[in-house]
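Some structures are shown below for you to check.
In what comes next, chain A is part of two complexes: it sits with chain B in the first one and with chain C in the second one.
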Partner chain A sequence: MDRKITYKLVFIGAPGSGKSTCIGAVSDIPVVSTDVACTDGLASIKETTTVALDYGEMSLGDGERLLLYGLPGQSRFTFMFDTVAENLAGVVMLIDASSAAPLEGLEETLRTYAGRIGETPFVAAINKVQGNVDALREQVAETLRRHGLVGPVIVVDARRREDMALIFDLVFLCAEYSDV
Partner chain B sequence: MSDRQKHIPVLLPTPDRRQCEMALDELVARNVDGISLALLAYRDGHPYLFRGKELQNAGKLAAMASSMAALSGTMLREIDSDSGEMTLLQGKKGKIIIVQVPAANNLMLLAVHTTEEVNLGLLLAHTKSCVTKVAASFGAAQAGQP
Partner chain C sequence: MSELSVTCLLFDEDQLKALLSILPLIRKYLDREWQVDTDPSSVSDVVVVNLDDSAGGPLLEALVGKGVHAVGCARHPRLHVAGTLHRPFRGYEVLALLQEGERRAFDRSRSRPSRRDLESEVRRFALAEWPAEFREWPKEWWRVLAAIRTNCLSAVQIAQRCDLPEAEVMACLDILQERKAVSVRVDIEILDSTKGGRRPGFWRRIGARVSDLLGRL
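Let's turn to the complex of A and B:
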């Protein structure tokens, strides 16, 4: 088998923020999914939740491929991060603007992955937006600064390929211009 | 949904806790030397009940059991549109077996750990018998597949 260049991206974020949806939207191959039916309050938002990981791939042309990993959102599954952590090109953090407390979800995710994501290029993507989110965007940026994280904060629709393409461009830009 | 919140099953059938405790006790305490731990967990990784060896973090083990079971199922489906029923991990110092409880749409999983001296057939037989008791505790009306 040829060994072409691959880049690994991992999606993190609160349960229901849209990690699996993102990967489903852009993957060129059928997504490897490990969702099971929810047994807790999350069931009021959606039927299934990821308990191991999502895996998808996207061709970048020239034989280069992006490998996409979606992790579970709940902190009890933090160990799954270690199974994908090697040679990460970037981390995409999704923030669910439609949730009752988007910043709490963000804080919890940051606590969960504290010490794991600081060294990797990082993009925060606010998802499921309705109306103006300038204030939320500023609060997200402020929260990230407080946790010592630097990275762009953008607004996306996780179901759109174009938005995912923007996320990937930003991750690679960050990688190019970061001095870490 | 924070992990710090207590797990409250929503509109889901529940097993009889007492009967589950008895089934796990029998497996770990009385029946077989070398079975060090039995853990009953929800399919999405919430712990329900465990017996045996002191666990620092039953929650983490429950989550790991659900991840492993889901990955096994995903791999079986990939090859033969089969579904996962049992996952077996063989280490140098022991084995872990993770089995679906065939009740209430596979709501729960049982994970059992043994030390190396326990033979696989014995482990399977005892695990199966425990799972059958747990499944029966959901009540005949709710029992799922055989």
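Let's turn to the complex of A and C:
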């Protein structure tokens, strides 16, 4: 039987942080999404939001595939992390710089997942940046430190493949040279 | 005759000043000039280790194990092995130590490790903060950051893990120390840098393939 080898990368973040965009930027297949129309306060931010997960794939050749998952950061979706934990290469935490309270989503994600993220290579990526982001980057780094996490904090435009390449580069770098 | 030197490890500035003030007082009882060594890259004839620092015991043990003329120094020397000096320093003990150092003065042909060499094997580095400006640094240094992100490793271990020259690793660690982005502890525990089911090259291969697919940076 031709058994394909798969690795997984999880994008996690608050609604609107750019998970679907990240996956769409690199996926070989049309992104499988569970978007529905927003009916709450999010409706003012965007028309749809992900209620379960996004899914995309990258074929690495030789039967290997990188599976890309977008998970909501809220604690009520913790069970989804369990379903993708096996063969997990790393986690990308997305922070929406355009949000009125960009750190709130990160805080909730870390309250929910800090333990698991600490056991995995990770990158914190600040997306949707306008203007100077130095202060926010420092706040993100400080938030990570408070949760006992040390890792790269970068500024990205999730629509750009170069920025996605940097994210992947850092995740695999940490996977290669760290013990976790 | 050339000067001899005594290196003090894990002492604060005031204690070093105290030793410096003792040296002129005992000079006439010594055959050779002595200096207190503060240059980490130089070679020392006698090493004194502060045993009241929690890292002192293991460090002294490691030094003695390497054949270095090293002695401990502690507030309560009787709680330690015979020959441990009092802290603060006492003139007559320093004199005895340096006279013994003169007797044991190493043969010029014998290779003596520098303080940096000695410490490089017992000093462990852990990343306290991933530097914000890392993208401006050489990409080889990113490996160092990744290696000590979740591990506390010596420079030698980092060099092995990252497949980099130790000098390159030290250059990166020096910058990290300047920026207080790395924490340092002294430990003689031998850490197995291959533990944890690491598969060297595995993720690098996957990462390289992904980068190729996305177009190189």
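A few comments on the model shown:
Here is the rule we go by: the second predicted complex is superposed on the first by the 166 of 180 C-alpha atoms of A that agree within 3 Å, B and C clash if a C-alpha of one lies under 4 Å from a C-alpha of the other, contacts with A are read in each partner's own complex, and residues count from 1 in each chain.
Keep in mind that, in the parts below, contacts are C-beta pairs under 8 Å (C-beta built on N, C-alpha and C of every residue); 3 or more make two chains touch, one makes a residue touch a chain.
Because the structure is a prediction, the values reported are computed rather than measured.
On the superposed chain A, the positions of chain B and chain C stay apart, so the two partners fit side by side. Set side by side, chain B and chain C differ in how many residues of chain A they touch, and the one touching more is C. Look at A:Leu68: by the touch rule set out above, it reaches neither chain B nor chain C. In the overlay built on the shared chain, the residue A:Ala125 is in contact with neither chain B nor chain C. Of the two partner chains placed by the overlay, neither chain B nor chain C lies in contact with A:Leu88.
Look at A:Ser33: by the touch rule set out above, it reaches chain B but stays clear of chain C. Once chain A of one complex is fitted onto chain A of the other, the partner contacts of A:Glu108 are limited to chain B, with no touch recorded for chain C. Within the superposed three-chain model, A:Phe77 lies in touch with chain B and out of touch with chain C [touch as defined at top]. In the superposed model, A:Glu162 lies in contact with chain C only, and not with chain B. Angle at chain A (Cα centre) between the Cα centres of chain B and chain C in the superposed arrangement: 140°, in steps of 10.
When the two complexes are laid on top of each other via chain A, the two nearest Cα atoms from chain B and chain C are 26 angstrom apart. Taken together, the two structures place no residue of chain A in contact with chain B in one case and with chain C in the other. Here chain A touches chain C in the complex through residues 7, 26, 58, 60-61, 64, 66, 89, 118, 134, 137-138, 141, 145, 150-154, 161-162, 164-166, 168-180, going by the rule given at the top. Chain A makes touch with chain B in their complex at residues 14-16, 32-44, 49, 51-52, 72, 74-77, 79-80, 104, 108.
Within the complex, the chain C residues that touch chain A are 127-130, 132, 134-135, 142-143, 145-147, 149-151, 161-162, 195-196, 198, 200-204, 206-207, 209-211, 213-217. Residues 1-3, 5, 7-12, 42-46, 59-60, 62-64, 66-68, 70-71, 73-74, 78, 105, 107 of chain B are the ones that touch chain A when the two sit in their complex.
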